[in-house]
Amino acid sequence: MTFKRTLASTLALATGFAGTAMAAEDTLDIVFINDGHVAPYHVAWLSGFEDAIEAYDAAFEDVKITGRWLSAEGSLEKMIQQTEVTINEKPDVMFVNAINVDAFEPLVAKAQEAGITWIAVHSPMESADYSFTLGDVENGTNQGRAMCALSGGEAYKVAVMLGQAGNPSGEARREGIMKGIASCDNVEVVAEQPADWDTVKAQSIAENWLTQYPDLDAISGVTDAYMYPSIAIATNSGKDLEFFGYDGDIPILQQMQDGPVKADILLSGTREGWNFVQMAYRLHKGETPEKVYDFFTPLVMSEENHKLALANGFPEDVEVYYVDQALDVAAKGFLEFGPDSVK
Amino acid sequence: MTTATATTPPRPGFRLDSLARRYLFLIGLIVIASVGFGIANENFYSLANIGILLRSIAVLFLLSMGMTFIMLTGGIDLSVGSNVAFSGGVGVVALTATGSAPLGFAAAVAAGMAIGAINGVFIGRLRLSAFMVTLATYALARGMALVIYDADSINVSDAAFLWLGGVSWGNMPVVIPFVVLVFVALSVLLYGSTFGRDVYAAGSNINTAFVLGRRPERTLVWVYVLSGALAGLSAIITVGRVSSGQPWAGLYLEFDAITAVILGGTSLFGGRGRLLGTILGVLLYGIIINGLVLTGTNPYLQSLIKGMILLGVVLLDTLVQRRTAQ
Amino acid sequence: MTKQSGTKRLDMKRIGKSFFATRALDEVTFTCHAGEVHALVGLNGAGKSTLMKILGGVYQRDEGEIEIDGAPVEITAPSDAGAQGIAMIHQELSLINELTVSGNIFLGRELRRGRTPFMNTREMAAQVRAQLDRFGLKLDPNRKVAELNSGEKQIVEIIRALMSDAWLIVMDEPTSALSEEDKEMLFDFIRKMKEEGIAIIYISHHMPEIFSIAEQVTVMRDGVIVLSERTAETSEDHVIRSMTGTELDHFVKPHKDITGQTILTVENLTHPGAYEDISFSVHEGEIVVMTGLRGCGAPELAKAIFGLEDGYEGRISYFGRPLKPGRGPAQAVAEGMGLVTENRDKNGILPPLSVRDNIALPYLEKSVKAGLIDGSRIDALVSKAIRDTSTKTASPEQEIRFLSGGNKQKICFSRWLDPDLKLLILLEPTRGIDVHAKADIYRIIEDLAGRGVGILILSYEIDEVIMLADRVLTLYQGETVAEYAYPGFDKDRMLADMAGAGFRAGQGH
């Protein structure tokens, strides 16, 4: 024990010196703690984040920009531990996609005490410095409205796959979708079931639905992760279903031009990852964005479908990207959020 | 131990220390990991980080000690993680209903023990497989937690209720001395009491224990109740740590606990192992997780590294054992 | 596959083997001849199983040579031994319970219907039946192995070996789990195999068996051969002396008068299918031995007395007080009863625990001080137990699973050296134990009786019955045939009782 203590104090001293020595250079250290790492969305998100860090570090020579991400693998305990360790490391900005915001209130206070800017991801927090939100209710409403406008006016049966019980983001998306669907009378929700953000669970749920509702017209989901198995199962069983996605995963966007996917929400993990770094950089430069920052998320449709939808009364003020444009910005996050956007 | 071993043929002399050898090996790994992480990130040895590290594994300590008792009887308890969420829910609801922290504590521990008692009665009295029964209560307790919480978290602001999990004396979280106290108490129970001997006897050969009049079926019930009580305590700590009751608390903790107990050298088949091994197992596990975060190791690799360490320790141990046995 | 009787077939020359510093075998030379039984004897640890493992390809020899029919061979794996026609019949039988007799015998080389993947079960059964008939064995090839008794299972294993062209059969303690009836069946089978020119290595502790069936006997001690002679030219005593290296201290039953009070009275005890209308009593210091063939109902009876079973009618009284059926072992132990079961490994010992823990378990409650176990009291008790039973263990902390069978059994006994013990029930107390340990165990039993403990034993070995008992109860299919009191024992009549002869002739004597 004495050995450790001596070592600890020596190292503490060393850190002190190192700290003062380093202060001369301008640094920006960004940490992103995510709730899980299971869906293609996460992969795109985190790689977008990593690419953006590199691009910003290369583009701005006056600031040394570093960053890393952690995944809690769905465990609250793990996430808290990772957050505590990270706070002790004193980065400049922390993006935290909390599994449950209440559980993180004490840590937000601790981080702010240590001079860290806390950005709550997706689920807004009153105490956080900023909240990075997705406008889930609005996006969901757009998806539901698109469904109404493209359903053709006749009886149209849809099954909706939900997030994990109690997850705010999933609940908000559901609320929006239901609100959008309620704008017309012909679309009927025949089933709703949580798939816990899990592709494998989504697969068995989709299988059950296809057996249970032989006249099902469409499947809607709160994440594109559900679309992969659902499309595969429908194709294999020869059913002609339509799909309404959420996330803007590139493989799903690719299924939109003449494919079974009719509308999607262009979050795109890559875009979001880039947006994080852009936001952190802007904060570092002294800008003050809105306390609740809404991620710009257009709806994606094919041009043809958009026209059809408009003809069926789809509101004109909803921002829509056509598939090519969506694919372009989804693949290249720097188009919207790169260093050029802040120069 | 006697010194007689020195004069006996080589085989039994070596066997005797197989657990001690495992502990030395674990301590070695802990030292190597600590030195390595310390070099990679000077923050590793900061008192604050040590406090964080210990606090982060406090719950795992408690659950793993309960799991050690259970695995000594040759059983397994997959329900502990879900039980943390369930008993936490009961405790928080009791607290909000009565406004009394002691009543909340009692309710949490009692709820944990109730799940344990269900496990114990099915496994001990009705002789069902522990894996089967606790797999069922794993789902059952999580489901009840979701119902109690209505799938949403509940904020807790009662200072007394949050004290155990939330408060630190300087860099020392109060939960650490508490865990040490529990460890001492459980050690006395396991090594000093007749109950402890019965735990080993039930795991070594339940038929023999039965014929010798040791009532192993009763021992099993109490072992699962103990594990449930520790889950209840863990729930209180978890609530204190996050100032709220969480329906998804404790997710996958049962696997971490089983991992730590196996790392600590307790036999999957019962009858062999000690609490010390489990403590070392948890410590190693905690240091690795903490260090991997501190060194910014790619999260893709973290799971891989954990798996490799478990496999490596078990493999090496088996190889050494085979060599000395031949 | 057969050679003329008397031809030398196996010749193991100057075999040596060491494990680290321990010399397990030293210049061991061992031969086998066609049509002969070669008995291999020695105490546990004498090296006989090491020698057989070298022959079976489990271990590799360090020195020496193995020749078969005069040609040197290498046996580096168990499969090599099989290919050379050497078959090991293990104590732990390696049959699959869910398959039939012929299914087991043809396992891995099933006969098919033509080129189809379907098995020709009829042809397999016919081939097995032909083999069984050849040796005069009555066994249905279509029966499931699970339904067979240990003797029959052993026969299936041997037939399997013979049908894979084995000419040398190694049997390790083949009779340890067999009833008298099955033993006779096995011996007939062995005689028939000899006529067919098969060579047999027979490992056993039982002198009468060896001398009735083997042509040659080899004795090993401490890794060397100390005696190898034709059985016709040596004697049981000589063989035993060579095994132990000393004169065997024969156990002599001490004289005593049974005058104490009655401990246990069993009246008209009946459990349909297990035992019927059994009555007897056990007094202080008395040794009552129940004997019969396997299936005589005695183990069930013993378990009923110990409170493990409750489906019986009749009455069991203990010190005049009636006992509640199925009250459980915890109650029985609290009342001063003890039970040593017939199957040490299944429910006799706690394998991963130390000798100390194994001994101390039943005494725990008596060694508690202020809620905690008093270690020094346990230490004293354990070392006394080890001393009194002359158990050989490196230390009390040694794990019990590394002890020999005899020492394990002594520990099963030493647990009951409690001064409060009133009645001890022993099921097959010397099963699978070498001669040395046997004498020790007999002495422990007599010591306990001398202290006033009532003892109820189940034994299937007639010589042991006669050597130990103050009173003998012969059972046949769950019913009492006769009761004998010391010294009026008549071995022949007892054997007849056990076989049911006396029973059918008109109920007892």
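A, B and C label the chains in the order they appear, each numbered from 1.
Following the convention adopted for this analysis, a contact is a pair of C-beta atoms (placed from the backbone, for glycine too) under 8 Å apart; a residue touches a chain by one contact, two chains touch by 3 or more.
Computed from a predicted structure; not experimentally measured.
Student: Taking touching chains as linked, do they make an open path (line), a single closed cycle (ring), a hub with spokes (star), an all-linked set (complete), or other?
Tutor: line
Student: Of all the chains shown, whose C-alpha centre falls nearest the centre of every protein C-alpha atom combined?
Tutor: B
Student: Take the average of all CA coordinates in chain A, do the same for chain B, and state the distance between these two points in whole angstrom.
Tutor: 35
Student: Roughly how many whole angstrom separate the Cα centroids of chain A and chain C?
Tutor: Centres of chain A and chain C (C-alpha means) sit 71 Å apart.
Student: Once you find the CA centre of chain B and the CA centre of chain C, what distance in Å lies between them?
Tutor: Measuring from centre to centre gives 43 Å for this pair.
Student: Give every residue of chain B touching chain C within the complex, in rising order.
Tutor: The contact residues of chain B facing chain C are 1-2, 4-5, 8-13, 15-16, 188, 192-194, 197-198, 200-201, 203-205, 207-215, 267, 269-272, 326.
Student: If you look only at chain A, which of its residues touch chain B in the complex?
Tutor: 4, 7-8, 11-12, 14-15, 18, 37, 68-71, 73-78, 80-82, 84-86, 88-89, 99-100, 102-106, 164-166
Student: Under the definition above, what is the set of chain C residues touching chain B in their complex?
Tutor: Per the touch definition, chain C meets chain B at residues 19-22, 306, 308, 328-334, 339, 341, 346-353, 357, 360-362, 364-365, 368, 371-373, 394-399, 402, 415.
Student: Can you tell me which positions in chain B touch chain A when the two form their complex?
Tutor: 34, 38, 42-50, 52-53, 55-56, 59, 146, 149-155, 166, 238, 241-244, 246-253, 289-290, 293-294, 296, 299, 303
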